[in-house]
Amino acid sequence: MISAFIHKFSSPKSFVQITKTLYPLFIFTGLSMLIIGWTWGLLFAPPDAVQGNSYRIIFLHVPAVIFAELIYFFMALCALMHIVWRVKLAAYLIKSAAPIGAMITFIGLFSGSIWGIPTWGTWWQWDARITSTLILFIMYLGILTLHGSFSNLEKSDRLMSILVVIGVVNIPIIKKSVDWWSTLHQPASISVSGGSSIDPSMLYPLIISIIGLGFTLISLGILSSRSYILSREKNKKWVLKHV
Amino acid sequence: MKLISAQNISYRINEKMLFHNLSLEVCSGEGLHIKGRNGSGKSTLLKILLGITSVSKGLIEYKNQDLKISYLGHKNAIKNYLTPAQNLQLFFDDLSLTNAFKWLEKLDLYQVQDELTANLSFGQQKKLALIRVLAQSSELIVLDEPFVGLDKAASELLNSFFHQKLSEGTGLILTSHIQPSVECQVIELDKTNV
Amino acid sequence: MKLISAQNISYRINEKMLFHNLSLEVCSGEGLHIKGRNGSGKSTLLKILLGITSVSKGLIEYKNQDLKISYLGHKNAIKNYLTPAQNLQLFFDDLSLTNAFKWLEKLDLYQVQDELTANLSFGQQKKLALIRVLAQSSELIVLDEPFVGLDKAASELLNSFFHQKLSEGTGLILTSHIQPSVECQVIELDKTNV
Amino acid sequence: MFRLIKIESSKLFYKLKSWLGPMLIMILVLTAFPLSIDISQFDLEKFYFSIIVVSLLMTSFLATEGMFEEDYEDGSLEQEYLVEKDFYKVVLSKIFVYVCFIGVPIAFIGAIFSFANGVAIGNFINVFISLSLSNLLLFNLFAFGNALSINKGAMLGILTTLPLALPVIILLGTAIRSIQYGNSFLEIISLMIGMGFLISAIMPLIISTTLKTHID
Amino acid sequence: MFRLIKIESSKLFYKLKSWLGPMLIMILVLTAFPLSIDISQFDLEKFYFSIIVVSLLMTSFLATEGMFEEDYEDGSLEQEYLVEKDFYKVVLSKIFVYVCFIGVPIAFIGAIFSFANGVAIGNFINVFISLSLSNLLLFNLFAFGNALSINKGAMLGILTTLPLALPVIILLGTAIRSIQYGNSFLEIISLMIGMGFLISAIMPLIISTTLKTHID
């Protein structure tokens, strides 16, 4: 029952059709919120009491690392779907989300490193959070290179899903590393349950840029997955009609 | 009694169709010889029938879920750092071990049983691997080019083994570029290709 | 012209005598078919003739020291983590590479040339390995059961290759449980056994 | 299950290289380390454990090299599948055998050496247990890596499982420090035991799916 | 010779596992070490090098695993023998390729890491050179061990060559200490270079004889 339902709504065909209508909406919301969030954050938010203006990189760093994890989480969900119900679309989504995840993780690492120079006095430390973020990046790269080493695409889809599921243990490690080990890195400053340790004048633009980046990444994902789906299913009738 | 049947199975690898809408059926006491060019998908078909590889489309049915099948593929599945005797001990439980050693003798491997398998000749290794099938009691025997590398005596022994098993009601599926001496249905894979 | 000759060679492994006082001679344009049971020492004899294994007694003579020999044994000597095309690039220098690719086409491997060799079928792998011998110009061809796993078309191609090479004056030594269609001297190894 | 364990252990027994190699290299490294640097006994005590940790990591990687590869290449894996209809038990017994006959001895060597070098902080049993447990975790992890990259060209197994070994190392480090300073060892060891159970149950499942995909 | 080097390097290139594996494990160990123990920066400086030494030892063992085995098992070795009538050049080029594409990069990683961790004693080039040289020695040694135990049952290769690695380690330790304290580095490095030349000339001879015996 469940699997029948899932298969009905997860055909690559309907995905391409639905996202086609949603795409303009997402890209518009995403970009406009990003612009609002970043101009607010970079130009209008007050400077930090301790760090001065260098803290403003937070508006790039925090959204980036958050989505580095979220995208992986999304991929892991897809991977489960693919393993359990053999949903083809899920594998396609993983494959097309991976480069975006790798990119955003890289941005997170890079911005963090840059931020580290004025605040910690070093651009790199083998501390637990930073290392586990690097591991995340390596996992993304591993997933990306996977398809290269198998000529049987369906086989590599399945192996990729298995790999993604395994790698998900890394996510709580990133999340909790600041609590488990005393490190250089900031502990959580935003919390959903209230009690954020950050001033609202900085918090609001941060939240807006997080949401904005989210929508932007989703629309990027739609773009890449659509082209990937079309290339994988190029011999199907509906694709021929579509193109 | 139908041991195994396949209905309208197709197998596609990447975008290449190996076979399309193939149906077959093997009853007990019946032989099936799968023929075809190199790379036409014979070994793949065997693996599909065994349930190792999954079909792209179609249905495979067994007599019952735990049909006893013995199989030998292109790969010998023997450990060449062990001796033939040790290999047999890995394959078989204590009950069928004596039977296995009888085959070792019949196949003229008795005097090399304590040699390292790596030192045996190609044909001797193949014969050793075949014992896995020969000495096992099963309802269906599946063999992928069993005659490869065997000398005349061994081939004849194998053929007579087929005869005997078929008359005992065991099913037999094999692929070979060499004609077995038992009567079989024949499937030509190239014909069903698209 | 004598390409290779062996006089009264014996080979003993541990205390087992494989052959004793064997003499043979292959001239250019001549074929030699070595027959014998499994484990009778055919492959060993080939390796002795190639100079890989050394005899216990006797003498082997070549036309000249750097007689060009091409050989394929039971083992394929291909890398299965490479594609067929990459494998050929390993075997051949740039000059003979085009010839090798021609054989790839003749043997029906052209459309799988960029697949991983591990994914090819048994016969396809054998054919790929044979190209090493087929596309090389040499004075003596030594093959150990070349027909194993080949389909009809490929066997015929191989036989006609033998015909052609023999008529061109190349020597040929092969072992096989399958009869090649070229005319050959025959040596039965079992007979010389003690 | 018993049959499988018997098979796996006799296969391993005859592959001297596979089990003796890691042990010898463990011994070599633990011997070589004090030789390679010029340190006073006091300093050695402080650092010997991290050498043990590092060697543990490497020897377990070494030991799991080609764990499934051989069976895959010679066709034994297919045969096992026909008998078992599943790889779960096969994988479970293989890992069990490897941990018992390579992992635990290596942990033992590590513990012995640490004591022989006078690094007798905490008690022997504690050290031995935490080393064995981390070997269990590492073997499971690397077995997965090996299963993923069963064919030679694939690096992805290594690329992705090696980083996952980091948490294990960190955990082991914490355990050893807690032995050293005598605090909350029980807590950490029970965390490790819990993880060990979890991973030993789940990993073979994942590995068997991987293997199934490979022979498909 | 050039043909052989081309062949060997393209084979190695496609076996990602063989060359990327050792490098990754080197990186992992050098990363994991500071994480696994709770040490102040000062102490790290003193001991990081011995970790590098130990990892070097293990990665070179790992890298040479199965160096000749594959060629032996798939019959390539026989083919090479027919062409070359000898294994000397084959072995020489294989070791050359392995040292260049695995050994030197590993040494480089080691040198980089020691500097990234602020262990900047002496200059980079000196560290890099001594690491590379000991890798050359170790690779030759372990290649011999591999050739000896080409068939799985044999432990002999490991048993005999592992102990021989000890002198290399001690030598490297001395070299590093001499870098550290700035004395007689040139002397030791020239000793290592001399040994490198000697071993690189003699070892392939011994290995080729070993291989010949194996295919006989």
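Going in written order, the chains are labelled A, B, C, D and E, and every chain counts its residues from 1.
Keep this in mind: contacts are C-beta pairs under 8 Å (C-beta built on N, C-alpha and C of every residue); 3 or more make two chains touch, one makes a residue touch a chain.
A quick note: this is a predicted structure, and the numbers were derived from the prediction, not measured.
Enquirer: By C-alpha centroid distance to the whole-protein centroid, which chain wins?
Expert: Measuring from the global C-alpha mean, the nearest chain centre belongs to D.
Enquirer: Ranked by contacting C-beta pairs, which pair of chains comes out on top?
Expert: After tallying contacts for each pair, the winner is D-E.
Enquirer: With chain centres defined as mean CA positions, report which chain is farthest from chain B.
Expert: A
Enquirer: When the centre of a chain is set as the mean of its C-alpha atoms, what distance in Å lies between chain C and chain E?
Expert: 37
Enquirer: Round to the nearest whole Å and give the separation of the Cα centres of chain A and chain E.
Expert: 40
Enquirer: Could you state the distance in Å from the CA-based centre of chain B to that of chain E?
Expert: The mean C-alpha positions of chain B and chain E differ by 45 Å.
Enquirer: Quick check: what residues of chain C touch more than one other chain, meaning two or more?
Expert: 74, 80-81, 116, in rising order.
Enquirer: Among the residues of chain A, which ones contact at least 2 other chains?
Expert: Those would be 128, 131, 149, 151-152.
Enquirer: Among the residues of chain D, which ones contact at least 2 other chains?
Expert: 14-15, 149, 151-155, 159, 163, 166, 170, 216
Enquirer: Any idea which chain D residues touch chain E in the complex?
Expert: Where chain D meets chain E, its residues are 14-18, 20-21, 24-25, 28-29, 31-33, 35-39, 43, 46-47, 49-51, 53-55, 57-59, 61-62, 65-66, 149, 152-155, 157-159, 162-163, 165-166, 169-170, 172-173, 176-177.
Enquirer: Considering the complex alone, what residue numbers of chain A touch chain B?
Expert: Result: residues 151-153, 235 of chain A touch chain B.
Enquirer: Inside the complex, what are the residues of chain B that reach chain D?
Expert: 47, 50-54, 69, 71, 73-82, 86, 89-90, 93, 132
Enquirer: For chain C, which residues are in contact with chain B within the complex?
Expert: Touching chain B: residues 36-39, 41-43, 74, 108, 112, 120-124, 127, 144-145, 148-155, 177-178 of chain C.
Enquirer: Which part of chain B faces chain A closely enough to touch in the complex?
Expert: Chain B reaches chain A through residues 13-15.
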